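Shared chain: chain A. Partners: chain B in the first complex, chain C in the second.
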Partner chain A sequence: MNRKTFFGFAAPSSFVMFVLLIFPLVYAIWLGTNFITFNTINEPRFVGLENFQTILRDPLFWAAMRWTLLIIAITVPTHLFLGFSFALLLDQFQGRIRAFYMAALLMPMIVVPLIGMIVFRQLFDPPGLFAYIYRLITGGIFVFTPLSIQTLIVIHTIWIYTPWAIVLFFAGMQSLPGDQIDASAIDGASRLQQVRHIIVPHLRALIILAAAIGIMDAFRLYDNVFALTRNNPIFGANTIMVFNYNVAFSVNRLGLANATAIIATIAIMVALIPFLYYMYREQIEAR
Partner chain B sequence: MQPFKNPVTRVFLHIGMLIAVVYSTLPFAWTLLNSFKTKKDAIARPPKISFEPNLTSYKDLMIESVPENAALIVFVLLAILVVLVLLAVKAKRFPILNWVVVGVLAIVFWTIPNFVDTAEIYDNFLNTIIICVGAIIISVSIGALAGYGLARYAGFAAVVLVILAIGLRSLPRLGFLLPYFQLGQSSGLYDTHFLVILALVAIQQPFTIVMMGSIFRLVPPDLEEAAMIDGASRLGAFIRVVVPIMWPGIFAISLFTLLVSYQEFLLVRILTQSNQTLTVGMSAYVGGLAVPGSIPRQSGAAVLSALPLVIVLLIFQKQFVKGLTAGAVKG
Partner chain C sequence: MIKLRYLLGLLMIGAFVLGACATDAAEAPEEAEEAAEVVVAVDPEACNLAAPAEAVEINLIHWPFASMDFMAAEVEKCQEVENISVNVQALAFTDVVDAINLALSTGNDSPYDIVHGTAAEFANWGPQGWMMPLDDLIAKYGDEYGLDDISAGAFSGATFDGKVYGIPLIGDSQVIAYRTDLFEAAGLSGAPTTYDEIITACEALTDPSLDVPFQIDFSAGWAQEFEFLAALRSFGGDYVNADNTPTFNGPEGVAALEKMVAVKEACMGDAYLSFGYIEGADGVSNGTIAFASHWATSMPGMWDPEVTDFMDVIAFAPAAAANPGGGLSGTSWLNFFFIPLNTQNDPDLIFRMIMEAADLESMTRGASLGVMSRSSITEGVVPNAIAVNTTIAEGVGAYEINPAIPLVQVALGEELPFVFGGSKTPQEALDAAAAAYTAEAIAQGYISE
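Entry: the complex of A and B
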């Protein structure tokens, strides 16, 4: 295929991405330098970089940023580990029983995350099952405090992202080098050593990909915080996305919200540059 | 890795797997149970496991009032269902019947509100169908073209497009959503299906083209080259030769698009006021912290909102898993 045909095939998609992704992003930068509220949505007033300064001085923004980074630091390694273990376990089964286990494990992902959180929460509401078990064990009553809410959000985040990691690693394990594993078994390698020295290196690219996707998605957390706290800031559980939404639709400052979105975008780009560079190298080599 | 042979170890493996199953499905089981309770049973302590099931919450959620000729309507719907099942069984012999089945289903869904006083969740259901089908058709058709280009062209421009796509996929949604909101408000497109579909297509396009690229790389180029020697154009060869071969893969990616479109909450919430999807309609049942709200009603709404997607994806589980891994394993 020559260059011209390639541009022809890629044109519709590139056009959509340019008009609906790149242009809005540039537009967001411009909106971020204006003072806009809902009442004056069609007559923005230019204020320069003031919005960016306001956001960077806002302690709530930094609290949201710290909380988002904490979520990433806890959930990404945990869901990768759980996904890897479950995938190893799933690999031990065959046929119909494997399909059944797979279907059950996929449930947290198939059910809408918002509903997943509501469902999760019902277990901890005063009449719920876990609230009851908690009372049996500790004698105290389970209440929603900042700490318990944050814990629930972390657990739920791990819960919804684990299925994705399971599927990814499980697919990777279908192409393991069988002869290497057989050879290592003859040489007396234990199963743990096989995992450590053959399976993990074989899945290296997938693990990096899953980690990068985990970081991207954690920056996007909104649904589960909303379902648990209705975006109430007193629980200290507002992620960057929730903080941003509140600035736009509760505080009613669209310009400020756009500035926040741009700063968040820059933050995630900085975090992902090593990954993008790795992808770039891989693509160039594959050529 | 080799499967374990020792029967005792196998038992432990099954126990481990069952723990994983409970871990992923227990919350749903609890909510399903709650949706059949009365209000009184739902707040009983200790929590009731066995109780007399009751369907009030579902009835309240689905219809405003029971129509007078309910028996007749149920009978007609059942008759249509039986005919459709018969048609679907015969459909293997006459491929055109598939479209008849889809058409009849669409007509039935759209005419039900004329006979029965349906509640809001039904409108949300119809909106969800329109938005998901629209997003899938547009996203998959333009994504397939670009993906095919990526699979066959090895120049520098292709690398740039892939890296750009991955970069765009990683950006937080509000960077795009607030401009959409602003543009929608000033152009009058706000609260239309069209804007939501466009926005959904746009945010998924980066990942779609990467996935499409990885599945089309599996087709040997000789096939379409043979067709081109016979006089077909590049596009003609793509549509008549490559697409039919890769139809399972395209279907799998459509399922992934369905998953993302159906589950999207923030985007639809910001861009719509009345034309909401099931996922956003669900947010009306999210109580504050102190008041859990009516638990059976909330549970019933959760079950009804999640069910259509769960049914579709479990029927096509195999293809869905394949679609999930298409973008990951190679690319």
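Entry: the complex of A and C
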């Protein structure tokens, strides 16, 4: 293909990428270098890197970053493990039973995350089902504490992201040649050995992809955290996106919020470097 | 061949649908021309407006509660008039404020024609010039709609620089809802009038069926901030000086916070985080809370036999005073409809549509849902109307119309929770809030350096 033809084919998607990705990113960086509020939105004042310095000196930013990273460290491996386990179990079934279990396991994907969290919280509110069970067992009222709120956030995050991992890994297992499993069984391999030496290597690329997407999703946590905590700082459960929201819409500092978004984007990219490098190596080796 | 048949089938269906739509569109202009000549007959429960010559789409945004939903529905009835369509967006309170900030801050055409707000939001909107002054329209239509039935005090929450910007619709304030049977059984003479009496009542109400004896919304920073202002002013304090420097971290602020914490310890304990105003209202309605202090507009379930079995033994009283001898710890809230300055539709038409909700007939019908702003409505009112009006009259008043106040609210919302959680003293938290507020107010030009 000559260069002219190549650019001709690449131009439309490049244009779309520029409009939807590159331009907003550059514009956000520029906005982050200005002092802007809702009241001065038509009169931005250039302040250079001051917004970025302000955010990096803010202890609330680092608290939100630590909590977000903790959520990632707990929820991503957990939902990958659960997704892989459920996919393995699903692979054992056939026909309608498989369809039934698949539908049941994918239900969390259908529920809007915010609605799911509101209902989730209501289970633990004073008139809620779990609060009632708690009262029956202990005789006391279930009380929201920082630990209970943070635990519920982790549980809910795992609940909403596990179905996506199930779908991904189940689809990957369908492409696994059955004769490899059969041959290993003839050679005396146990089920665990089959999983470890055949299935996991086959799904390695998908596992890396799922981990990368899981990290990005966990970084973006906002609506379910906001609904559960009601933006109460005492729970120490504000993620980086909730912090970003507060900067933009509570303090009304739009320039500062843009700076926060840029810093968060850089943090996500840093977190994804190992995964991107692995994918790059895989592609090079495949050639 | 099969795929071709499917494609042809889809094309035929699409052509049929397009043809039907085109037919409707072709007929619409003729209908509109006919409608422009018809004057809608006067029907008290309908929208009594003449159809505009051209189609208009009116967008209304509000946060929902029973009486406000009614007001929005009264405006939405104007969809029955030819050429008028009404889109009503009911969003959570914070989402409404965010949407309006985003839409109006740029000065571009407003996507909204009718905006719901209170004096607290107008404190920012008014000085920014985002809303339309309504004095001319009030003068033009005041007699027709009897607007002198609404007091000047009610209009004051939407008045800035001598101009009126909003139509007051529904009054709100903190009031106390209490179970008369439980109070009698505990030997209590009546509703508490001070925070000290609230504490005494909590100690006396030991019925094991109660989750907590008393509920007040301390569940989140923004809720604590509302109550803090009410308590602070009861002790004679306020948020800022004339130059916007903070005063809330003075001795009055410390006294107010100490009293609030004492109420929380005596009445709710660690469960205070579980009881927001919705849970509190539900608790009184279902009999698991003996008395509560919060927004009157969240209480309709307490006199609805389909919601509560206790409506005959639930009574209402004005808010208690944090400081004995001080003002009642209830802020004055009125809910307004505003017209954004940059609306693209006819302000005269929009104003008249607002009047369809604010007229005497509509407010009389809505009186069973909330406290209406018209003083002539005295019958069929909500059971807590007297309590609301007493709190408004003898309470600590409304938020100051000052764009610096939202920064105070944010700063307090970030620090007050740590006082209730026990990790900071009142003075520490208030000083930290004052420092954060001052830094931000200087950055945004509200305090001179």
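Operating definition for what follows: the second predicted complex is superposed on the first by the 261 of 287 C-alpha atoms of A that agree within 3 Å, B and C clash if a C-alpha of one lies under 4 Å from a C-alpha of the other, contacts with A are read in each partner's own complex, and residues count from 1 in each chain.
As a working rule, a contact is a pair of C-beta atoms (placed from the backbone, for glycine too) under 8 Å apart; a residue touches a chain by one contact, two chains touch by 3 or more.
Worth saying up front: this structure is predicted, and the values here are computed from it rather than measured.
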item: Touching partner for A:Leu209 - first (chain B), second (chain C), both, neither; value: first
item: Contacts of A:Pro108 with chain B and chain C, given as first, second, both or neither; value: first
item: Which superposed partner A:Asp91 touches (first chain B, second chain C, both, neither); value: first
item: Touched partner set for A:Asn231, first chain B, second chain C, both or neither; value: second
item: Contacts of A:Ser250 with chain B and chain C, given as first, second, both or neither; value: second
item: Which superposed partner A:Asn42 touches (first chain B, second chain C, both, neither); value: both
item: First, second, both or neither for A:Phe142, with chain B first and chain C second; value: second
item: When both partners are placed on the shared chain, which of chain B and chain C touches more of chain A; value: B
item: First, second, both or neither for A:Pro126, with chain B first and chain C second; value: both
item: Chain B/chain C common contact set on chain A; value: 41-42, 125-127, 144, 230, 232, 249
item: Chain C-touching residues of chain A, taken from the complex the two chains share; value: 35, 37-42, 60, 124-127, 131, 141-145, 230-234, 246, 249-253
item: In the complex, chain B residues that touch chain A; value: 1-4, 13, 16-17, 20-21, 23-28, 30-31, 34, 42-47, 142-143, 145-146, 148-150, 152-155, 157-159, 161-176, 178-183, 185-186, 198-199, 201-203, 205-206, 209, 234, 238, 259, 262-263, 265-266, 270, 278-279, 282-283, 285-286, 288-289, 292, 295, 298-299, 302, 305-306, 309-310, 313-314, 317-318, 321, 324-325, 328-329
item: Interfacial residue positions of chain C with respect to chain A in the complex; value: 94, 97-98, 101-102, 105-107, 124, 128, 211-212, 219-222, 270-271, 273-276, 279, 282-283, 286, 288, 403, 406-407, 410, 413-414, 417-418, 420-421, 440, 443-444
item: List of chain A residues in touch with chain B within their complex; value: 1-3, 5-10, 12-14, 16-17, 20-22, 24-25, 27-28, 31, 36, 41-42, 86, 88-94, 99, 101-108, 110-116, 118-120, 122-123, 125-129, 132, 144, 159, 162-164, 167-168, 171-173, 175-176, 181, 185, 191, 194-195, 199, 206, 209-210, 212, 216, 219-220, 222-223, 226-227, 229-230, 232, 240-241, 244-245, 248-249, 254, 257-258, 260-262, 264-265, 268-269, 272, 276, 279-280, 283-284, 287
